[in-house]
Every structure is written in structure tokens, then in C-alpha cells.
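Given below, in the form of C-alpha cells, are the structures.
Two complexes follow with chain A in common, the first pairing it with chain B and the second with chain C.
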Partner chain A sequence: MDLGLVAQYTMNGLMLGMMYALVAVGFTLFFGVLDVIKFSHGDVLTVGAFTALASFIGLQSIGLSSDAVELLAMLVAALGAMALLGAFIARAFILPLRSAPALNTLLITLMLGTVLREAVRLFYPDGANPKPFPRLLPADSINIGNFNLRLDNAILLTAGALVIVGLQLLLNRTKLGLAIRAVAQDEETAKTMGVNFNAIVLITFAIGSALAAFAGLMNGLYYNEINFGIGLYLGVVGFSAAIIGGLGSIYGAILGGFLFAGLQTIGAVALPFASAYKDVFAFAVVIALMAWRPTGLIPEKLSERV
Partner chain B sequence: MNRFLSLATAFICAGVLGVTGVVSSSHAKEKIKVGFIGPLTGGTSANGLGGRNSADLAVRLRNADAEAKYEYEMVALDDECKPNVGVQQATKLAADKEIIAAATHYCSAVAIATVDVYHKFGLPVIVWGAVLPDITYRNKYAEVHRVNGTMINQNERNAELLSSLGYKTFAVIHDTTDYGKGHNKYFSEALAKHGGKIVGTFGVTSDQQDFSAELTQIKSLNPQTIYFGGLTPIGVRIRGQMDKLGLNNVLFDGTSGIKSDSYIDGLGKLAEGSLSFIEGAPTERLPGGKFFLEKYNDQNYPNPPEAYGGFAFAAMNLILDTIEQVGSDRKKVQATLNKVKDRDSIVGKITFDDHGQNTVALITSFVVQDGKWVVWEDSEYASGKRKLPGQK
Partner chain C sequence: MTNHEANSLVIEGVSTAYDQANVLENVSLTAASGKITCLLGSNGSGKTTLIRSILGLTPPNRGSIRFGGVDLAGLPTHRVIAAGIACIPEGRRVFAKFTVEENLRIGAYQETSDAAVAQRLAHVYATFPRLSERRDQLAGTMSGGEQAMVSIGRGLMRAPKLLLIDEPSLGLAPILVRENFNIIRRINQQGITVFLVEQNVHQTLAISDYGYVLSKGRVVAAGEPSELGQTRQVHEAYFG
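Coming up: the complex of A and B.
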């Protein structure tokens, strides 16, 4: 295989991995602070992508045509709206169920995800059909042999990396981050130290959901097409990535996301049988990894509290 | 007074009966029943009603024809496009020995469920709208025939058209449902006959989002065409992602699965030059379409004939022709239908192969031109004014 192709596959894998990682980080944040799995996470991504699309159409209708301004407005609208939606979900559905068995939270978010997904399908105009997503990034590209490097892909990849670095700085260098980590480590102690537990939980859900909205926007700009089902699959992959990485660990989620994308790419390219089995291959490896490291590749430092 | 009235009534009645008796005996025509089944209610009822009216038109025209040997009555039943209802209705029709033959079914799922019934009861039928190959090809039932084409025919037309345009190397992407696998199978077979070469085949799930790995591999195989056997949603994604990987000089060759406006809506300009193929044709483009539409409009039916009306008309007409020829005997009608060859009809020549499938079925090719699906022959791509991607 020539070098250009290898580069192309690597680029494809990195793009996929970045989206998976952004979704996985959300799962891991939620699990960190509340020990819950929020299965509606993927569908929040869908709603975020559709919010961005709707705000684009809104801006078009008032006659705005600057790509940069539109993109910025879409980013603000999608991230802002999903942050609110995430905080609302935590407030209305997850916090009230704190003392109930974890299965109830799992079930309620699973159903909530279905409601969000179906709402997009039914209430977004003509929502059952795939929707074209605007091309707002410069589409210049350079061909190096078989490698086609596009400027928009490079921008998306860089933006994704910056978001993750930003999140990392937020968690490790700010007071808010300290509070989030404190809650994640020990809720009771954090409370006695004066951390407003409810506020921290809501903020964490807002951050995680805004990350999903970012992934949704990235998905739209990368594929130039969105549909009401994108979140379902990304949710499952993001969840698996968070689990193999080690639920509760940010680095683990990022590692898991890129690992999963790498496995899929290898599954589609290097295996002798048809690409139809790439997901089977990727998930089978995940199962094997789970058997080998039940707490994930990078386990949460204090995974079980008594 | 009362007695007088009743007597008078009886007298008049007797008189009327006597007169009609005389009239009918002087024009003595044996009455023969034929059947029709289609979805007359429910989501696909527009097609069902159009088909029923068209079959009814064939019967009316025949009854108006002084040369016809028999007088026909059509029994129309509703299968609701549901296999379980269809089987009941088929049984009802087939068990009625007065019914000699029938034109049946628009929905593939119903048609495939009922073939056993027709075989068991020995009722010769002609399918007028369903496209699944298995209806005629899974079994070898002498009772079952079909005038419209199948996905086999559309893939033959597809391979033939592309070969004639000079495309030689193909990569195949198909979804892994029976539908996509069927397309892959029949296209590969058809292409082999025309000497085209398939450089790689990729099965994908019908809800896959990312195709960059498959498309990168296809890029390294460097085909002139990507053939896609599947439905619109992933068709849109594949065509969109081809652009991302710089595969714009490769033709996107679809099937009936992407022949919808949402394919064009989802892609915008990128849809230009994509191809699709469907069984049948817009009615006005059928060989006898003009004649058919004139007669159809004369009858003032409340609904239009729809895409497959012409086929329902042709199926019923073929049944009536056959009964005229051999009389009201199911076995003879069936034997004669099995031998139909090069018979003229409004949908073109009809020839049934050993499975009762019309082999010269009509297929219409479409290309996206200026944001619309345009019939290939009418397009600027066919006239040479524009070139398809990768066309030499």
C-alpha cells in the first residue's frame, strides 16, 4: 500500500476518532459526577446538529451571507441551546432519580433519547429525509499522491483538538474544574467543603451536552448531510469508547474514541473480507478488551467508593 | 283495484322479462368472469385504484367490441397491500371456479405470499405491478406470469447503458439487505455479459454514516464508476463523501432505490449526473400510452392510471385475448399464456420465459440534470451536449 493511501486512511480515522472522542468525553463527564449513564447523549448531538442547521436557514432568510458570521452564529446557537437542554435533562430527569436504582436513570434517558430523535423526525420540516448541511468551511484541497488533504477537514480536526485541550485546561486549571473533580471524587466531602453540588452537576451536564453539539456540528460540516438517526449510532460508539477507555477518565475516553475509529478503519481496509464486517470486528475487539481490562484501559483513580 | 294493479305489474314484468329474454338469446354471448386484485385502500391505494380502473378499461373495451365471443365481468378485490389479506382474497378468487384468470397485485410482499395459492388452486394469473424477482423466479409455477419488469431487468438495462457509454471498470457498494444484495447479484451478472469489470464489492449496513474507508479503498482501485445498490439515505451520504475524497470524476450509478426527489434535495449540485433506473415508464411514454390514456380519459374514472396502470391494462388484455382464443378453461388459458411470445401490447412486446416472466420488460433510465430526474433519452447527457463524470 502506498504512503498516500496510508495518509488518507489515517486522516479518515482521525476525523472519525475526534467525533467519537467528543461524544465519549460527555459520557465520561456525566459518569464522573453522578455515576450515571445518560443514553440520550447521542440524540442531544442530533438535536444540536439540527439546531445549527435551523439557525443557518434562519440567518439565510434574513439575508446574511458571510460564511464566518453564519458559522459563529450556528456554533453559539447549537452549543448554547444544547448546554441548556443538557442542564434541563439533568435537572428534570436525572437529579430527581438520584436515590432510585441506576437502572431507572438508564431507562429514562434511553426513552428520552427516543423522544428527542422522533421529535426531530416528526417536527423538523420533512425531518425523516436526510438534510443537506451547508458547506461553510473553505474546501481547498491539496493532492499528494493518493492523499487528498482538505482544508476544511484540517480545520475541523484542529478545532476538535482545541476543544479537548480547552476542556482539559478547564478541568485542571480552574476553580470550576476543581469543583467538578471534587464532586466526582467524593460527593459528601465536596459538599462539606462548600461546593454547590446541584450547580456543579448542572454545569457538568451543560458542558458535556455542548461538547455533543460541537460534535454534531462537526459531523454536519464533515459529511454535509445530517439525519435524525446520526446520534443513535454515535451514542453507541461514544459509550463503548468511554467504557474501553475507562469510564470516568477523560484521557480514557479520548483514547477509546480514537481506538474505536482505528479499529473500524482497519476492519474496513486491512481485513480480507468485505467491509460489511467492520463494525463486527471493531465491537468484537472491544469485547475482548473488556474481558482483558474490565475497568477500561485507563481506569478512574477511585473507581468504587464504599 | 289492488288486484288489477298487481296483475298489471305481473304482466308488465313478464313482458319485460320476455323481451330481454329474446334480446339476450339473439345475441347469445357466454358470460365469463375474470379477477383483479390490488391495494384499493390504504397507503398505496392510488396505484391500486389506477390499476383496477385500467384493468376495468380493458374489460369494457372488450365488451363493447362486437367481434368478442364472450361477455366479461371483472371481480375486483382489495388486498390492502397486506400479505395476510392478500392470501385471503387470492383464495377467494382462486376457489371460485367461474373465474378463469386474474390480473393480480401491486405490492411485492403480497404477490410473493399469494403465488402458492394460485398454484394450489390452478388459477392462471398475471402480476401487473410487483417487482420482486422471487415472485416469478423462486418457484417454477406455471400459473404465475408477470408483464412488468424486475430488478433483474433494470440491472440489465443499467449494465447495457453504461457499457455502451464506454464505462468498463466498476466498484460496487450495496446495502446488505435482500434488496441491496439482489441488486449486487443481478448487476454483477448483467455486467459480466457486457464485459465490464468489477474491481471491488463493498457490503455496507443500511444505516451506515461514514464511508470514507470504503471510498478510500475504491479510490486506490481507480474505477470509472461506483455502482450503488441501495436506498436514498445512504446514497446521499456516499455521493457526498465521494466529493470529500476527491472522487468527482467517477460516475455515480444508482438503482430504482435512489430515484426520489429527496436524493436531489439532500445533495444539491452534487446530484448532477447521477443515474437511476426504474421498472416501467411514465404512462405517456409507453409504446401504446397515447391510445391508452385517450381511452382511459373517455371513461371518466375518478383517479388517474398511475405508473402501473398501463401494465394492468396490458395484463388484463392479454387474459381476455387468451380466453377469446381458447375459451373458458383455466388449464388451456394457462398453457396458452405460458407460450406467449412477441405479443404486441401497449407496454411493448410481451414474451414470457419459462418462469412466466416478461423478458422484454420496459425499463426507464434517468439522469439528474439541473436538479431534476430527467428521462435519459431526453437528457442533454444522451444527446452529447453534456458529459457524465469520467465519460470519454
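Coming up: the complex of A and C.
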């Protein structure tokens, strides 16, 4: 195999990894502050992608045709609406269930995910079929040997990386981040320091859900097509990535996301039985990894084990 | 209301229950402004539950808890803290994955002025030079004595009018216990009202202005440290 092809596959793997990492980080943030798994997370991504598409169509219908303005509006609409949806889900369904067994939260979010997914399928015009997603980024490309570097892909990848760096700065350099990390470590002591616990939980769910919306937008712009099931798949992968990384660890979630994408890419390229089995291969390796390291690659509660 | 009364903690008729079982029964006490007031009692007497009730972590079922003219009973914890209260919790409860400085900064979470935070940070580092040397160390990797300094420093970062201290001597070597009690006295001399909950009778009474004894969720004795040290109830509360 020549280098150009390797570069092509690497680019694709990085793109997938970035989306998985963005979803996985949400799972890990929610688990950090509330010790809950929110299974509707992937479907929030779907709703985010469809919100972006709907706002694009809305802008077209009022005759706006600047790609940059449209893209910006889609970004603001999708991220803003999903941040609100995430905070609403936390307020209405997750915080009230705090005294109930964790299994109940898991079940309610699983059902909520189905409701969101089915709502997109049934209420979005012709929502049962895949929808074309507009190409809004410049599609110029540079050929380096067999490797075709597309400008839109480079932009998406850079934007994703910037979002992750931004999140990292928010968590480690700001007072809000300090409060989120304090709540994740010890809820009661954080409250005793004067942190408004409920507000921090809602903000964290808003941030995680906005990240999912960003991943949904990336997905649409990369494949130029979305359907009501994208979030279900990305949710399962993102959840697995968060688990292999060590639930609760941000770096672990990012690592897990890229690891999973790497496995899929290897599965698609290097194995004789070809790309149809790439998920089988990737999930099989995840199962093996979990058997080897049951608490994930970067265990969250490392300090308690030493 | 005078300034003095404003900084007194007045607890009246507080009863608190965990799942049906009453832990506190009709507890009334006052931590007078500018003084050190202690609450003595053995394990399981309900001392920590009283602290949790004041903080709103386990809200009381009945009674009032007043500080600075506000009834704290039933308020969420962050609003109790906003009334000018800080707590040095039982077992220190430092944030293990935070550096020393992050632990101190979260102590001043409700302070919006960067200048005030910087000033308090300098003050805490002056009080505990050891913390200044180790400001970038993760608190979880420090010794028990050093964590106690982090926990006290974190409480001071709030610049509280009232400081609640829950079992500062727990799990510390005797020499560190003595040092901690000296620090508590110095904190009080800066004008901070102290409500100290302890098992350690003698050293606690030695620094207190007034004391109460809690047994099985009820206040069974109260008085000046000199008289309280002699009372039957103190002995019964521990051994009876």
C-alpha cells in the first residue's frame, strides 16, 4: 500500500476519532458530575444535526445564500438549542431521579433517546429517509501523490481540535471549570465550598450536549447526509470510547474516541475480510480491552488505587 | 440588632432525622459572636449531623437556625455559605486531584474580586509556609497533617464570619492536634466566630469560651469550660 493511501485512511480515521471523542467527552462529563449514564446523548446529537439542517433550509427560504453566514447560523442554532435541551433533560428527568436507583436514570434516558429519535423520524418532513446535508465549506483540494487533502476536511478537523482544546482550557483554567471538577470529585464538599450544585449540573449537561451538536454538525458536513439513526450509532461508539478510556476521565474519553476510530480504520484496511466487518473487529477489540483493563485505560479513581 | 448579635449562630429546637430515625432531638444552642463555642460528644451522638443540618446538607425537620438575621434552615448549601459561613469538614475532605492552590481557590468560590482572592491566598500562605512551598502539589499526595493545613486554609479563603469546624483532631498525631488547636485560637482572635465540634474533651475545653455536651441527639449539659470539665454529664456522654 502506498503512502498516499495510508494518509487518506489516516485522515478519515482522525475525522471519525474527533467525532467519537466529542461524544465520549459528553458521557464522561455527565458521569463525572452526577455518576449517571445518559443514554439519550447520541439522539441529542441527531436532533442537533437536524436542527442545523432545518435552520439551513429556513435561511434558504428567506433568500440568504452566503455560505459563511449560513454555517454560522447553523452552528449557533444547533449548539444553542442542544445546550438548552441538555440542561432541560437534566432538570426534568435526571436531577429528580437522584434518590432513585441508577438503573432508573439509565432506563429513563434510554426511553428518552427513543422518543427523540422517533420524533425526528416521524415529525421531520420525510424524516424516515436520509437527508442531504449542504456542502458549505470550500471543497478545494491539494493532491500530494495519491493523497487528496480536501480543504473542508482540514477545516473540520481543525475546528474539532479547537473545540477540544477550548473545553480543556475551560475545565482547567476557569472558575467554572474548577467548580465542575470539584463537583465531579466530591459533591458534598463542593457544595460546602459554596458551589451551586444544581447550576453546575445544568451547565455541564448544556456543555456536553452542545459538544454532541457540534459532532452532529461535523458528521453532516463530512458525509453530506444525515439520517435519524446517526446519533444511535455515534452514541454507542462514544459510550464505548468513554468506557475504554476510563469513565470520568476527559483525556481517557478523547483517547478512547481516537482508539476506536483507529481500530475501525485498521479493520477496514488491513484485514482480509474487508470493511464490512470493521465494527465487528473494533468492538471485539474493545471487549478484549475491557477484559484486560476493567476500569478503562485511564481509571478515573487512580488516586484511590495507589 | 447589634453587630455582635449579627455574627452569632442561634439554633432553636432543631430536630433532624435520617430515614425515619431521629438523630437530633430538640437541640438548642448559641455560638456567641466572636467566641469559640464547642460541642462535645462521643461518636454517634449527632455532632456531625448538627453540622450537616446547619449547612443544609441534611436539612432539619423542625426548628430554626439563625445567623446574621437569616433563617438558614431549609436553604440550599450554597446560600448558607453565602451568609458568611465556612466549614472545615470532618476528615478534612481535601480535593485529592486538585493542587494545593486549586483547593484554596475553591474555598473562595463565592468571592468575585480577584484582588480579594489574591490577598487571602497570600494570607494563607503566610500562615502556612509549608503550603506555599507545595502550592502545585496534588493534595491527595500529601500527609494527613499537610492536608489538615489545606483544609483549614481552604476554610479561611472564604473569609467567614462564622467558621464551623468538625473534629479537627480526628486521625492526627498529638503534636499536630495541639498545633491545630493553636491555629483555631489564632483564627478566633482575628474576630471570626468559631463553632467547634469535637470528641477530644480537654484540649477543646482549653480553648473554648463556652461548651455544650451532646448525647444521643440531645443537649445534656452546657456551661463555661471550667464547670463543664467537672460535670457528670460529660463523663456519662462518653462512657455512660
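By definition in this document, the second predicted complex is superposed on the first by the 300 of 306 C-alpha atoms of A that agree within 3 Å, B and C clash if a C-alpha of one lies under 4 Å from a C-alpha of the other, contacts with A are read in each partner's own complex, and residues count from 1 in each chain.
The definition used in the following text is that a residue touches a chain if its C-beta (ideal position, glycine included) is under 8 Å from a C-beta of that chain, and two chains touch if they have at least 3 such contacts.
This one's a predicted model, so the numbers in the text were calculated from it and none came from an experiment.
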*Based on the superposition on chain A, does the combination of chain B and chain C result in a clash or a fit?*
fit
_Touch test for A:A213: chain B only (first), chain C only (second), both, or neither?_
neither
*Counting only touches as set out at the top, which of chain B and chain C does A:I243 meet: first, second, both, neither?*
neither
*Now for A:I89: first (chain B), second (chain C), both, or neither, which partner does it touch?*
neither
*Is A:Q185 touching the first partner chain B, the second partner chain C, both, or neither of them?*
second
*Is A:G194 contacted by the first partner chain B, the second partner chain C, both or neither?*
second
_Rounding to a multiple of 10°, what is the angle at chain A's Cα centre between the Cα centres of chain B and chain C in the superposition?_
150
*asked:* Tell me the contact category for A:N129 with respect to chain B and chain C: first, second, both or neither.
replied: first
*Any idea whether chain B or chain C touches more of chain A?*
B
*What is the contact status of A:A268 with respect to chain B (first) and chain C (second): first, second, both, or neither?*
first
*Determine the nearest approach in Å between the Cα atoms of chain B and those of chain C after overlaying the two structures.*
39
_Need the overlap of the two footprints on chain A, from chain B and from chain C, as residue ranges._
none
*Contact footprint of chain A on chain B as seen in their complex*: 176, 201-205, 207, 209-210, 212-214, 216-217, 219-220, 232-233, 236-237, 240-241, 243-246, 262, 265-268
*Complex contacts: residues of chain C adjacent to chain A*: 55, 57, 76-78, 81-82, 87, 89, 93, 95-98, 102, 105-107, 109-110, 138, 140-141, 154, 158
*What does chain A use to touch chain B in their complex?*
1-2, 5, 8-9, 12, 15-16, 126, 129-132, 141, 143, 146, 148, 150, 153, 222-225, 227, 229-230, 233-234, 264-265, 268-269, 274-276, 278-279
*Report the residues of chain A in contact with chain C in the complex, numbered from low to high.*
175, 178-179, 181-182, 185-186, 188-198, 303
